[in-house]
Each structure stands twice: as structure tokens, then as C-alpha cells.
């Protein structure tokens, strides 16, 4: 993939649900490959909606969205699965499959992509250890605490080493220690090339990791990382953070 | 109700799920009528489990639980609904009914109790305005943002002016401004007689509202409010907060 | 307040989105289908019972005395006539015999047409004479004895009470009738099972909502009522639709039956009381469905603790 | 890698907990029930067709010539015998007639028993003589003409080709047969509808899981396969179970039929090829179910975007 290219590019995007009011209008911004962004804004501002557009769960009401350089409006239905496999998502409401164990839930993106069953389970178990669930590998989601479920959701999003990781409030149900740990994990992932966008309310996190922000205000987005050329590493991000 | 009495009293309570390990053991504590407690502890410590025991969704593996002075082990099945109506719960995963509007979701406890339909809807709409959802009264949960859903769940828990309010991570999906507002609402409720117990990871909240804590550590509970005789108002709580 | 509560329980109560489950539409269809099959089975049983009864009535109260022409020759006809008169004399007034009527030759020719063909009418062939004998209902007359006596008196006479063929036919119609009624029973059983399963499906699909209702203090009958009302609505819809389709089909069959040459089989028409029995079928089905749903839910909920 | 992928697609793939839906057990039952009804209908149709064919074979290729005793007296028997011999001579060798056999008196007495009672055997009553005539298959012999000629030659003779009763019976069996086949068709239709509805129910129940599968990059056929495999398993289970129940029922009916006095109706036994046709029913049902499920899912998914 061309590292100079925008992974996500919005051009004059407007979005409304059904006949409701516009959640946002004329949104234009780009996220370069390899960047890391916090997506912030008050409750109901449209953070989840913005992410939904990026993971192709919704189409915009107007405007153009390019993902990985492809215009999403012209991608054929049969090419969607392949594009979606390049995107990992942590949903705000987790969306774990109730009757599958933590392991099987995390393995899902690999299975769906036709991965080799033998290699798969070691890999998945290792990642679950990483998020502190070594004792819950075979537990069903209903047997897990809220924070444990959230960590399974995060593991599922990163297992396929996606080109783009979208996380919606990924630390709402865990304490600060675990939240930090998750952020370090995502930072590692970012270092090896994944573009990361995290929607969050967690101010402790935002102030600790000074990544540039996509800030939704009055239906428009402001990219605090845009002026400096979208730095990918934290050191440069701190400069961007000061800049905002 | 006798204000001197414990609303919740645990005696040597042990709890395990199925044949799993004990989540906690020999837990003994009481919560006096009119008190306000934060329930804290790391992810997976058993906060939600403790609340489940209180709202009668599970029975303890051993030990005695008295709610409102009744031994829960001896309450007849037919008397359960009446007891549950005295308890309002904010679930960690909201548990809104998908096909009912915000208004109908909030009205549910009143309907189930056979309340008068005419008076009901004004009352509900007013409460929804209070939590900032005046524009979403007739929206289905699927049309609401995460934070909006959480506020509907809170409104449903308090609508029946329960004697006991249990809230499991009620501010995980809202920003700090709204979190504060919700806490003020619960404090109001507490002032007019409701006993409130809130499980939370939100350290900003805990440090701002210095209510005494029920702290789960290594499967035991420590009540930081116990020594001062369970103060109900914030002024005395601050002393307790310092004490911890 | 109490009144309002009851209104709530029996009119509103749509906290569970049962109507949106795909199984809803499905239950309507399946109940409809079963009521169609059931109605057709029931109608078949009733019609066959009628057919059998018709044949029994037509034949059981009746004998045919056949007197064969004896010899060729000029006086053959006279002899035959004489013997017929003798037979009439012998039969008339005997205990158990209500009416004796010698059929006109033209009538006989018509009856024999299937055997002899139309040409026999104008032919020289001496035809047998037939005497219709109407028995008194329940006369219990001893037919073999009568046959013997008549044959002694008048050689060349025979009595046909259609016994063998009637037995054959009645056995057949009886068997089909039993089958039809068994199918009806099977169908009612299957309808009950269907309601049990869709109700259980509903309980399973909405387990989270049901748990929530319990947690906010709903009583079992609050929940059961929703399922029960739902089952009533669906089974009633399906039952009525099925009944109408069956009624149309039966009416159409009746018309076709009248128009075609099935002559031998009595017309496929139902009496008013038979239509009423058919109309009871969807009602009975709805009732069964409602009760089944309630019982299923109450039992399942009680087991949930 | 590709091979492993296909193994995955066709063996594993249990991301959707279809087996836990209450509708699963339900589909098994309903398919089972339908296959029972369908098998019984099909078997009825085949048996009735056999019965009809049996009667047609038994009677259509056959005539019974009846010669009535003419008069009382010493030489009555001789005259009758003479006339029987004349009739035999007349019949034997005629084109279209294969075999002529005069029944022994004892046999005739037995045949007439239903009409005359057992006492007639030892009695003085002169009995008619019966000549069994076997026709050559497809001889197309002109029976009315034959009857007329024979009666001219031998007064007091009559020919019975059982035409009217046979028509009556065949019309009846034909009607029941058609009904049975229509019911079978209706049942296959209903089975298809059932699969469509349970599949749609499955899609609706698991809409969230399906959306998730799409979002993590699953293709439509990955999802469709799960439904299809599920439908295959369930309908096969139900179909086999239903078939077995039907087979047991039919075998039992066969035994009961043999034991009882239904004598007139041919034994309820199916030929090997008929059993094979019945065995095809559950297979056909499974096939229909699988294809229906796949089509339903693919169409629904395509509509979802």
C-alpha cells in the first residue's frame, strides 16, 4: 500500500439517518496511512456515525468517501468483504457472538477469511493472554465481566492485523490500568503500520497519550493533526498535541 | 420503611458461577437505608456479580442475603416481583428493549406495576428531558448514540422512585459533563430517601463526589463508610473519603 | 386504578415484539394449512359417511326380484306375465313388505342398458321382469328364506339384495372415512405441537426481554398474556383463512361434481349442520392454540425461577 | 490453503447458533409430520390404484354366464345340464374367448351364499349354473351382442360383466386417488413454505450476528452455507423419522388388513418398487429444503446490500 496515500478521505460528506436531521454536513478530511487519531466530541455528536461510514456499515447521504484509495460508492457488492477485512473494528457495544467462546469470537475474522485452522488457535490464545484474559479463553461472553468482554472485542479487531483499526469507546468498561495497557497495544500495532482511529470520552487517556485529534464540533470535523502533516509517532504527536 | 434498618445485608456470602472458582467468599456488610456508596474494584473483581445478587438475578452459593429485611432465600416466587419493583437497576449493558421507544422503555417499570397510563407519559417525558434527551423521546434505542442509550437506562432505573438504586458503570459512555449531571440526579434521588450503590471505574467521578466506597479486594468487600455509621449526605461523606 | 390495570393487561402489553418474529407469519400459514387439510379431511369423512348412508338407504330397504323368461315361443310373454303376477301375489301383504312394484319394460330396458346395450330395447330378446320390493324399515325380513320360497313357487326367479357389493363399498368408504378422521386427529395434534414449539421459540428468542421484564418486577401472567393473545390472534387469522380456502375448494368441488358424469357418487354438497361443524374447526383450533400457549409459557416461566 | 478453506466452508461454519433456535426442533417435527402425511397419501394413492387395477383385472377380463333352472320336475337337472353344455359349445373357440369353465355346484353354492344363506346348499332348490368365461386380453369383444345371441340360443341365460358396479367403484377409487395425490402436492408446497419461513425466521433472529459476519468480511455464501447445511440436517432428520413412522404404520395396517375380514379389499401391501418410491419422498423433501434455504438466504442477503 502506498504509505503516502490517505487511508480515509472524506470530501464534503453529509450524513443523516432516514429523514432525521443531519448528524454532520460538508465534512472533509483525510487520514494518512500510519497515523493515530483520537476521535472526540460530546455524546451524540456523531463519533460512532463517522466510524460506521468508515467501516462501510452505512453510506453517506451525500459527498464522497475514499477508503484505501477506492471510492466506496463504486465498490461492487462482491468486493466489499475483501475491503472490510482490511478494517478492524471495536464496536461501542462489543457485538460479541453469544454462543462462541472468547477464542472463537476472536478467531472469527480469520475463519471468515479462510485462515488455516491449525495456526489460528495459538495465535488467538496468545493475543488473549496479552489483554489479560488467559483464564477466560474458553468462556462464553455471557460469563465475562463487562471489561473482559470489551477486551475480547479489542482482540477480535486487531487479530487480523488490519490496515485500519477503528475503536469506538474501547475503554469505557475497564479501569485506567487496563485502559493504558490497551492503548500501548494499539500503539504497537500503529508502529508496525496500522492506521488507528479511537473514539473516546476518556480524558485521562487523551491527556496521557497526546495523539492528534479529530474533533467533531457542530457537525464539522477539525483535525488537530492536519497542519503538521499527520505525524504517526508519539514524539511528533506531542508537538501536534501542544499545537491544538 | 425503618430508616435505621439495613436495606442490604450480606452475611458470609460466597458466590461462584456453576463449577467455576469463587468470585468472592465470606462477604459480610450492610448498607443502611439512605446511604450512597461507590462500588469499586478492578475489572473482573465481582462488582456486577455483587449487584446481581442484590437485584435478585442470582442466588448466592452460600451465606445469607437480606434485602429490605427479608431473607432472600425464603422469599416466595410470587413475592419476588413486588420486591424487585422496589429496586431500580442500571445494567452495565443497558438492556433496553429494542423495539420500544425511549419513552416506552422508561415507562416499562410503571406499566408492569400497573400504573395509570394518562399520568405516566408526562412524567416519563419530563425525566427524559432531565437527562438531556428531549429530542429523542420517541427514538428507538438503535437510533440512539451509546451515551444516549445509557441515559435512557438510567431514566428507567429511577422512574419508579425505587427504595434502592443499583447502577453498574452508568457513565462509561458519556463525557464528564453528562457524568456529573447524572451523579447530581442520583444525589437528588438519594436525598429524598433512595439508597444508591454505583459500581464505577470513573476515577474523576470518584474523586469529585467523595461518597464512601464498597471496595472489592481479593474476593472480600471493604466498606469505607462503615466506621462512621454510614453517612448519607456528601458533607459527612467527605470525612469518610478522607478516612479511606 | 384496578380497572386500568386490567385494561393494560388485556389490551396493551406489547413489550415483547412477538408480532415481528418471522415465526408469527409462519404460524398463520401453518395453522391455515392445517385447517385446510383438517377441513378437507373432516368434509371427506362426513361426505363418505353420507355416501355410505345413501347407498345403504338406497339398497338396504329394497330387494329386486328378477324373473327370467322361460322359453322361446308365442306364449313365452304370457307365461312370464303370469309368473310375475304370481310373484306379486306372493309378495304383496307379506309381513315386512311395504310396497311391491313391477317395473315397466321400458324401465327395465334402461336398467339393463349397461349390460345389454341400447339395441336390446327394440329386440326380440325376451327380457327378464324386475319387481321392486320396498321393505318396511327395520323389518328384519329373512331374505334367504324368502328367496327359497319364491324360487320353489316360481322357477327362474331370483332375489338380489345387493349385499356383496354393498358390503364391499361400505367397507371401502368406512376405511377411507376412518383414515380421514385419523388424519384430522393427527392434524389437531400437530397444530398443538406447532403452537408449543413456536411459543417455546418465542420464549427463546425473547429470553433477554423476558428476563428484563422479570427484573423490573413483571409477574408471570403479564408475560404469559402477551404470548397467549399473540397465539390467539395468529391462530384465528390462520384458521379463518384456512377455513375460507377449504370452503371455496369444497364449493368448487361440489359444482364440478354436479357438472361431471360422476353420477354414481352422490353430489358433493354439505348440509347446513355439516358446514357448521366445519366452521367450528378454526374456532377449536384457536382455542387450543391459546390455551396451549398459556400453559407452555406459565410452565416455562415457573421453571426459570 | 484453498482446500482447508473449503473444508471450513462445508464442514465447520457454526458461527450462527441455528441449532439452538427453537425453530430447529420445530422444523424437524413439522417436516416429519409432513412426510408422514405425504407418505400415507402417496401410499393410499398407490394402493388405491392397485385396488382399482385389481378389480379391473379381476373383472374386466371376465364374464359370468348365468343359466337359470327352467322348471320343476325330474328332468329339470338334465335340461339345465344340456343347456349349460350348449352354452359351452357356443362359447368355446369363439374369437376373443380364452377359456370357458363351468363352475362346480359346490363352488356356486359358495358364491351364492351371501344371497341365499348356507342352508341352500343341501336344499332342493334348483340352483343356477355359472360359467366363468376368461376373455383374451384386449379382445374388445362385443358383450351386448354376445349376450343377445346367447339368450336367443339358450333362454334363461344372462351375462354379467359387472360393468355398473365396476364403474361405480373405479370412479370412487379414482376420486380418492386424485385427492390423495393433491394432498401430497399440497404437502410438498407447504414443506417448501415452511423452509422459507423458518429460514427467514433464522435470518431475522440472527440479524445482528449476520451483520457482524458481514462487517468482519464474510461473503454471502459463507453465511448461506450455514443455513443450507442446517436445513439439510433438519429436513433429513425429520424426513427419515417421518418415513420410518409411516413405514411402520403401513406395515401395521398391512397386518391388520390381512387379519381382519376386509377380504373384499385387496391386502394393503406395497411392492418393492412402491416402497422405493416412498423412500424417495424424504430425500426429495431434503433436497427441496436445502435448495429452498440457500435461495432464500442468498436472495435476502443480496437485498440487504
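Each chain carries a letter (A, B, C and D) given by its place in the written order, and its residues are counted from 1.
Assume a contact is a pair of C-beta atoms (placed from the backbone, for glycine too) under 8 Å apart; a residue touches a chain by one contact, two chains touch by 3 or more.
Keep in mind that what you see is a predicted model, and the values were worked out from it rather than measured.
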If a chain touches chain B and chain D alike, it appears here: A, C
Top chain pair, ranked by how many C-beta pairs fall in contact: C-D
Most widely separated chain from chain C, with each centre as the mean of CA atoms: A
Whole-Å separation of chain centres (CA-atom averages), chain A against chain C: 69
Gap in Å, rounded to a whole number, between the CA centres of chain C and chain B: 65
Centroid spacing, where centroids are CA-atom means, of chain C and chain D in whole angstrom: 21
Sites on chain D at which at least two other chains make contact: 20
Residues of chain A engaged with two or more neighbouring chains: none
Contact graph of the chains (line, ring, star, complete, other): ring
Chains touching one another, given as label pairs in label order: A-B, A-D, B-C, C-D
Chain B - residues contacting chain A, complex: 17, 20, 42-44, 47-49, 92-93, 143, 145-148, 168-169, 172-178, 201, 203-204
In the complex with chain B, residue positions of chain C that touch it: 1, 4-5, 8-9, 12, 15, 17, 20, 208-209, 211-219, 222, 302, 305
List of chain D residues in touch with chain C within their complex: 20-23, 25-26, 29-30, 33, 36-37, 40, 44, 68-72, 76, 114-117, 119-120, 123-126, 128, 143-145, 147-148, 151-152, 155-156, 158-161, 163-165, 167-169, 171-173, 175-176, 179, 183, 186, 190, 193-194, 197-198, 200-205, 262, 264-265
Of chain A, residues touching chain D in the complex: 55-57, 77-78, 80-82, 84-85, 89, 95, 97-100, 104, 108-109, 111-114, 116-117, 156
